[in-house]
Every structure is written in structure tokens, then in C-alpha cells.
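What follows is a pair of complexes built around chain A, which joins chain B in one and chain C in the other.
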Partner chain A sequence: MTALGALVLVLLACLLLAASLGAGRVPVLDLLRGRALDSAGAAILWQVRLPRVLLAAVLGGGLAVAGVVFQALLRNPLADPYVLGVSGGASLGGVAALLVGLGRAPGLMGEIGVAGFAFLGALGALVVIERVATVDGHLAVYTLLLSGAIFNAFSGAVIFFVQSIASLEQLHAMVFYLMGQVPSLGFAHVGAVAAVVMVVCAVLWRMARDFNVASLGEESAAQLGVDTERLKRKAFVLGSLLTAIAVSVAGLIGFVGLVVPHALRLILGPDHRVLVPVAFLGGASFLVLADLMARTVAAPSELPVGVITALIGGPFFLYLLRARGGAVNRG
Partner chain B sequence: MAEAGGVGLEGRDISFAYGGAAPREILRGVSLNASPGQVLGLLGPNGSGKSTLLRIFAGLLPKYRGDVLLGGESLRRLSRRAVARQLAVVPQEPVFTFPFSVLETVLMGRHPHLEGLRFESERDLDLARQALARCGAADLERRSILDLSAGERQRVVFARALAQQPRVLLLDEAGSFLDVRHQVEMYELVRELAAQGVSILAVLHDLNLAAEYCDRIALLREGQLLIEGPTAEVFTYQNLTRTFDTEVYVDQNHLTGSLLVTLLSGRARRALEASAEGRGSLK
Partner chain C sequence: MMAKSTRLVLASLLLVGAACARQESTSAPAPGLRIVVMAPSAAEMLGALGLSEQVVGIGDFVSEPRQLAKLPRIGAFDAPNLESVLALHATHFVTARQVAGSASLAKLRALGIQVIELDTSTFDGTLLAMKSLGAELGAGDRAAALVHTIENQVAEVRRRSLGALRKRVLFAVGREPLYVAGPGSHIDALIRAAGGENIAADATSPYPQVSLEAMLARRPEVILDSADNRPGLPLGRELGAWAQWPFLPAVAERRVYALDPACISVPGPRLGEMAQLMAKLVHPEIFGEATAEELGPPREASPVTR
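For the complex of A and B:
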């Protein structure tokens, strides 16, 4: 549990750093010392910086927890939030929304419209995949994995088609959407997203001991008292929900859901009672930092955060693979 | 009932078929009881339905006909947790995914006894360590379960079943990866559990192990129970040859008096057939 405390501190430090830096520095430390900000600083902090930083934290945490849950569900430490097809449905929905012009609607409505469409796409994918993978009343894990992969491939093809008929301007928006970007939303929207993500993560945390036992295989888990059907279904639906929210709001941000759970499992062990909360904190910290880099590295222009997470996550993952000498297939 | 307060497992007229367009009948009208204080061996050729019967007894296959009573209550009316608090299974091929330590793995045996998100108590830890020690695996405690040999894993899984504190124990060829010494140690432990009033049903392939450690034997063939009774009565040349469709030679260990079953190779059979007295003792 000391790890949990340490990661809370890490996250707080990341939040502080990310809230301070960017286009227009905000002396957040001064604020904490009791000195008031000037009006420009206050406006940047409360209306722009903080909502975005908190959104990055919540989405990163949700993605990492989704990764943990899918790794447990598929009993494969290499699963990530995007393997089960929901991300395909979400990106398809988002791209379709951009094609019909929701992305250019004035103000926040545009963003919400794209996210809403993406979320509908994700839910559609979830329902289709769940139906396909339910055999004889059981959720068949391998069928689930296969149908998820096929659905992703299919969505990819449809997205290519949509892009081929899109205008250049639309195409640009689509490419940026798919690469992943933490949007600037108002506090109300960030609050709503945060509430849902954190409730879902809390529910998944409560299932942690069942996830541990489920790693012994379905039959052993069942004979140790776990209702495996219920567990699989809840894990799939809730993990997909977290993924759907993240992709709808911020596009395809890769590696958070793969690298974070993996690295933390290597350091802290596989007990899900620890792993679920620390993955949330670790994923949150990672995405807050990555988003900070996305905002600042090439300022004043902004890089897609998905590119940053991939640039850091990819080499780091390969390093883990090599440094731990085959430890990856052992989790 | 060998001991008061024991929990028995009673299968009544169990039939089972795998579904689909052409249902395949696996079990036909099998009635079988595992009683407290006794070790019941379930034997039969490959595909005779032993494992299916064991899985039905463990509550893992719900769609069977007939009834299974655990301590007099129908398995269908008991929750998974309620079953798991009384009945443990030692599987043939345990599955592991993540690098849990041996101690953590054995502690999972406490799962049906715990509530919510809670971590295990000192008492759970004690029970897990005792179980490991009884299985001769105390020195493995800190190792990762993924680094163990097949035999070590099987001892850990047996310890997990012990930590579950079952009243009924089902063994699915549980000793198959163990060397002779650990096999003997495990079945000695099985006898110890039986002496404490646990009901034990063991699927076995090793006929001599069965002869040595089982109080009663049930022979299964093509989904039907051929015979069930005290080991000495069941283990005859006729019963075994009919069940397994192969010639075996049943004798006594002259040192201990226990039954000794020898498989007959083609060479041995030809040698016996060549000698008239050999054939006499065979039939």
C-alpha cells in the first residue's frame, strides 16, 4: 500500500507540473503558498489548463485500468484496451461524425458531437462483439479476442473508405482525431467524464480478488467460488466502457493501457487489489506528462498526444522486453 | 458414514450429453457416492466419462440429468461460493497466467471464505503456510508460480485445495506429474484427510496406486458404471480386463498382501500362452 501512496504523490506532482507549464506559465506553487494569481493566470488555470490536465489524468487512468482488466480477462499480459474491437467502433463513429461535418459545428457542440458519435459507435461494436462471442450462453474468451480483432480490421477498412471520399480539410481533422489528442473541454464535461470513469474503476477494483483467482483459468476459478460468466461479462463491458469513453473523447491514444499495467506488474507484482488502483494512478500520471509534452515540445503548435505516448511507450516496452529477458510472457 | 459431521457427495442417476446437432452421450445413469472418511477411486479407459463426471460433481457442468447432492443439498440450489466452501478440486493440468508467488497462489484457496476486497488475515496466512508444509512445499513459498516444475506446481495446487479446507475433495489424476516419492507423499496426505472425515473421490490411471490407497473403486466404461465396491472385490482379472479391454495380471504383493496389477505386454502374453501353467494362473 506504500506503492499506492507513492503513486498518489507522483500523480500530484505531475498535475502540478502540467498545470504550471504551457503557453503562458501559471505559478501554481505561488497559489499553493497562498498568493493570489493575476487575472490572466487565473483565467488560464481555471478555464483552460486545469480542465485539460484533469481530463488527461482521468482518461489515462481509465485506459490503464482497461488494460489491466482486459489482460486479466484474456489471461494475456500483452492485451491492451484496443484489442476487443470497441476502439474500432469508436474511431469509426468519430470519423463518420467528422465526415458529415459535426467536427466543424461551432464551439463545443462540434467536439461533443464527434465524441457522442464515437461513443455510439463504440456501444454498437460492444453489442455486436458480445453477441458474436456468446456461444451457448457463455462468453467465449477466444471468440471474443478473434471477433474483436476482426471488428478492428473491418473498422479500419471502413475508415480508409471514409477518408478516401473526405475532403482534404476533413481528412486532416480525421487524421488528427485518430492520432489522439486530449481536447479542451469545460469543467462540467470533464466532471461528467471523470465521475463515470472513476465509478467504473471503483467497481472494477472491487472485483480485484476475483481477477486474481480468474488467472488460474475458468474452471479453477469457478471451483474456488467465482461466478466466472458474470465476471467475464462485467470485465468486458466495463473495460470496454472505459475504452469507449477514452477513444470517444480523445481518439486513439496508444500504449498507456499496455505499458503502464505491464511495468507496474513487473515492479509491484500481479495482485489486482494493488494493480488496479496503481494502474489508474500510473496511467493518469503518464498521460498528464505526455499531454504536457504534446502541448509544449513544439509550441506554439500542438503535437498529437498519441504520438508522444507511442514515442515513449514503444521504446520503453522494448526495453522491458529485453531487460527482463522474456519476462513479458510471464507478465 | 464413517464419521459424524462429514459431508458426503452423492450422484443420483446422472446422464450427460454434449449438445449440438448430433448429441454425444457421455454418461448414462451413473449413481455414485463419495462418503466421509473414504477414498473412492474412479477408474476407466480414456473417454469413459471420468473427467466429465468429476466436473459435474464439482458443479462445473450444469446441464446434466439426475441430481448431485452435496451434504444432502442439491448442487443446483447452491451458489458457487457455497459449493467452494465445502468442495475442492485438484485439477489435472493447472493453469497460471501471472507471476503470483506460491504463497499468493495457495492463499487463493481462501477465496470462498473471504468477503469483498479484503486482504487475507493472519489466520488465512497460517492456513496457507500449514497447507504448503503438509505438501512438502514450504521452501517454495516465495518463488513465482511460473518458475516451478510441473511436479512442484501440482504440489502447490494440492496445497491450495488444502487451504480451502474442503469437506469433499475431488482429485483429477492429481498425481500424474509427480515422481514416485511425491506421489506416495501426496496419497499419504489423501489418506490423512480421509481419516479426518473428508470425502474423497479420485480419478486415477495408476491401478496399483488405486489398489494401495482407495477404500472403494468404481469402474466406468462408455459412460456407464460397471461396478462399484470395496477395492479387493472390484479388482479382479475379469472386471479390469472387461473395463480396459486389455489383458492384465492381478496378483498380491507377497510382502504386504496388497493387490498388484501388472499390465501384460504382447511379449509377456505370448510367453504366458506358451506355458500351460501360466495360462492357468491367468484365468
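For the complex of A and C:
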């Protein structure tokens, strides 16, 4: 639990840092001294920067928890939130929405149309893959993994097709949608996303003990009284839900769901009762910091946050792997 | 040498085949120029140089001059359909300089087609490109006259705006995420000529994605928004989504203009008119207000007269 406390502090520090820094200079320290910001500073801080920082935290946390869950479900260290096909469905839905012009539709449809379509695409993928991978009433893990990979490859091909018939401007929008970036949404949208992600993560935390038992193998788990069928199905659906939300809102941000769970498992061990909450905090901190860099490194230009997560996450993970003796599979 | 001559033989065989295939459909092709043009900017230049009649095929994104619209389309500018180019008996292939697709260009050259690559990425580059295009196609005098006219128009705009205060200008080409005209783009050059200061001039590329908060913090006095090109939207002084930032001088003074990207996004023979339009948007107190019509797609441009 000390690790949990420490990571709460880390996340708070990251949130504060990310809220005080940005491409538009806002004298945030003035706030602490009790002085009010001018109208520009207030708008930048409260309407542009803060919703984005909070959304990055929520999505980063959700992606890392999805990574923990999929690694446990598949008992495969290469598993990340995007391995089971849901991301392919979401990307396809989002790109299709851009093709039919939803990104520029008036009103609410223009605001959430693309994310909504992506989410529908993800749910569609989830249902298809779940059906395919259910053999004689059992969720077959290897079939699940394979059908997920195939579905991703398939949606990749369809996305290429859609891009080949898109106009230049649509193509531009699609490339940047897929590249992954944390948008600056309104507080209502951020709140809705946060509520769903936190509830799903809490449910997964409550299942942590069962994940521990299941890591001994399906047969032993069944002997110890865990309904492994139910556990697998819940893990798949809830992990996919987290992934679907993240990809719908922010596109494909890589490495958060792969590196954060592994890094924390290397440091803190494989107990899921610790790993699930700690991964949420770690993933949140990581994406908040990465998005801070995306916003500021080349200011006033912005970089895709997926580039930053990969550039930091990759080398850091390799370092950790060597430093800890390469014990990835301990979990 | 051997390889080249072999390729030429193959090419001529292909050409003969193509010629046989289309002999019935058309009468003998007119001698001389048969131009395929891929880039919108190059197509406008050919129109202004009086060479529209010689164009036999166009790229997917070409929309001006409108008389070209009925010609066969032969692909996106980085992916021309080589067989179509040959079937059209093209003598010249005009496109914008690009990073991809150079294999196709090498192939076209090997097949004996004159490939002209134009660098229209900057304002000055576009004027040079116009001159070299004219020179290559035997319209050097017209091209020189055209460039001279543009330079005069821009110089006139620059002279008249010289005494005015520089206005901070934001030119949005895309929203969510926010894309703007940055350093090196012809729009940046137009803003400066019109007596403005591009607030994204320190960004990293001609059309960078920029931080919304940085642009808000720089408090633009004029916002030009070409991000939304849905047909039927009102053009002109429209706050649109910018209304949510009332502290911006541009919003407070209602100096936010919605414009159709077609009126200003293609660098070419209209650069002089674009400078005049930009001047009306940046300094209406000197140049007069722009009309909604001027902010729409271009009217049919007339070729320069000799």
C-alpha cells in the first residue's frame, strides 16, 4: 500500500506540473497567491488546458489497466490493449465517420460523432470476436488472440481502402485521428468519460484476487473455486470497454498499456490487488507527462502524443528489463 | 545506354499499341503539345498561360480552370496511372514537386515524356515555377508578364499597408486539432505583404499543428478561418466557433472571417489577387471590406492577353 500512496503523490505532482505548464504562458503561481488570472489566462487554464490534462490522466489510467487485464487474461507478456481487435474496430468506425463527414456535422453530432462511431465500431468488433472465440460455450484464449489479431489486420486493410477513396482533407483528418492525441473536450464530456473508466477500473480491481488465482492456470483456479469462464469473459469485455473508450476519444496512443503494467510488475511484483490500482495511477501519470511534452516541446507546434509515449516508453522499458534481469514472465 | 535504348523500344511498342487502340475513336491527334497536369496550382498556371486547350488529362484534385473538369482524370498527384498517361499520348507531364511517386516520374521520363516538377511550396518558388513552366512550354513571354503583374500587385499592397500598424493574424486551415498557415507557406508571405504579422510564424513547418492555448495567448487581432468548407456555409465576418473566446481582440472587434479555402489555398497565377484580398482582410480601413463573393471559390480566371 505504500506503493499506492507514493503513486498517488506522483500523479498529483504530474497533474500540477501539467496544469501549470503549456504553450500559452499562464501565471498559475498568481492563483496560489490569491490573485485572479486575466480572462485569457483563465480561459486557457480552465477551458483548454485542464480538461485535456484530466482526460490524459483518465485515458492513460484506463489503458494501463486494460494492459494489466489483457496480460493476465492471455498470460502473454506481449499483450497490450490493442491486441484483441477492439482498437481495429474503433479506428475503422472513426475513419468511416470522417469519410461521411461527421467530423464537420453541426451541433452535438459534430462534437461526438466521430468518437461515437468509433465506439460503435469497437463494440461491433467486441461482439464479433467474442462470438468467434467462443467454442462450445468456452472462451478459448488462443482463438481470442488470433481472431483479435486477424480482425486488426482486416480493419487495417479496410482503413487503407477508405483512405484511398477519401479526399485530401479527409485523408489528413484520418491520419491525425489515427496518430493518437488527447483532445481538449468540455468538462461534461471529460466527466462522463472519467466516470465510466473509473467504474470499470474499480470493478476490475475487485476481481484482482481472482486474477491472481487464475494466473496459476485454469485448472488450478477452477479447483480453488474461481469461475474461470466468467472471469475470462468479464476481463475481456471490461478490458475491451476501456480500450474502446480510449481509442474512440484519443486514437491509437501506443505503449501506455504495454510498458506501464510491465514496468510496475517488474518493480512491485505480480499481485493484481496492487497491480490494478497502481497501473491506473502509473498510466495516468505517464500519459499526463507525455501529453505535457507533446504540448510544449516544439511549442507553438504540437507533436502527436503517441510519438512521445513510444520514445520514452521503449528505451525506459528496455532499461528496466536489463536492470531487473529480464524477468518479464514472472506475472 | 543499352538499357535505355531497350526501354525506348519497349516504350514505342507500347505507344504503337496504344495508338492502334484509339485510332478508331478519334481523328489524328493535333501536333504539338499534349499536357497532363496533376497539381491544382500547375493547372491554374497553364490556364493563365493560355495553354488550357493543350491539356489532355488532369489529376484528381484539379478543379480550376473549370473548362478542364471534363477531361480524363488519371489519379492522385502522387499516383498517376502510367497507362492512362501513355494512352493520352502525353508529351508533357506537369506536377508539383513531391517526395513520393518519383519512381513513376522516372518511368515517365524513360518513356520519353517531358516531366516538369514545380516547386510551389513558397511564394517566391511559385513565381519562379511559373516562369520556368512558361519557358518550357514556349510561353516564356506570357509567364514573365504574368509574374510581373503579380509582383506589381503585391508591391502595391505592400506599399499601401506600409504605414499601418502590423496586425496579429491567425490563419486556420483546420480545427480540432488546430492547423494554421505557418512559416514558408504562401499564406504567410501574403499576410506579411498585407501588413500583418503571422502569430504562428515561429512554428516548425508551413502548415503546422499548433497549440490552441499558445494561439489564444498571442491574442490574434484578425482570425481567418478556412477550416470549414462545407458548401452553403455563410462566408464573411462570421465568429463561428471562435465566439467562445471573447477575450480575443479579433472576436471582440468581430474581425473573424470565414473563407472558402479555394479562394486562397492554391498558390499560382491568382497570388496577386490573393494579396489584394488578404489586404482587405487585414487592413479593411485602408483597402475596404472584402465581399462574401471574394471569400468564395474563384471566378473563372481569364488568361492574360499578349
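Basically, the second predicted complex is superposed on the first by the 303 of 331 C-alpha atoms of A that agree within 3 Å, B and C clash if a C-alpha of one lies under 4 Å from a C-alpha of the other, contacts with A are read in each partner's own complex, and residues count from 1 in each chain.
Note that in this section a residue touches a chain if its C-beta (ideal position, glycine included) is under 8 Å from a C-beta of that chain, and two chains touch if they have at least 3 such contacts.
Nothing here was measured: the structure is a model prediction, and the numbers come from that model.
With chain A as the common reference for superposition, the partners chain B and chain C occupy compatible, non-clashing space.
Residue contacts after overlaying the shared chain place A:His262 against neither chain B nor chain C. Once chain A of one complex is fitted onto chain A of the other, the partner contacts of A:Ser215 are limited to chain B, with no touch recorded for chain C. Of the two partner chains placed around the shared chain by superposition, chain C is the only one that A:Arg49 touches, whereas chain B remains out of contact. By the touch criterion stated above, A:Pro183 is placed in contact with chain C alone, chain B being left untouched. With both structures placed on the common chain, the touch criterion links A:Lys232 to neither chain B nor chain C. After superposing the two complexes on their shared chain, the closest approach between C-alpha atoms of chain B and chain C is 41 Å. Once the two complexes are overlaid on chain A, none of the chain A residues touched by chain B in the first is touched by chain C in the second.
In the complex of the two chains, the chain A residues touching chain C come out as 22-26, 38-40, 43-44, 47-49, 101, 103-104, 168-169, 172-173, 176, 181, 183-184, 295-296, 298-302.
The touching residues of chain C, counted against chain A in their complex, run 61, 174, 176-177, 182, 200, 202-205, 208-219, 228-230, 244-248.
Against chain B, the residues of chain A that register as touching in their complex are 75-77, 136, 205-206, 208-209, 212-213, 215-217, 219-220, 222-227, 265, 269-271, 273, 330-331. Listing the residues of chain B that touch chain A in their complex gives 19, 55, 58-60, 79-81, 83-85, 87-89, 91, 94-101, 104-105, 108-109, 111-112, 114, 116-119, 144, 146, 164.
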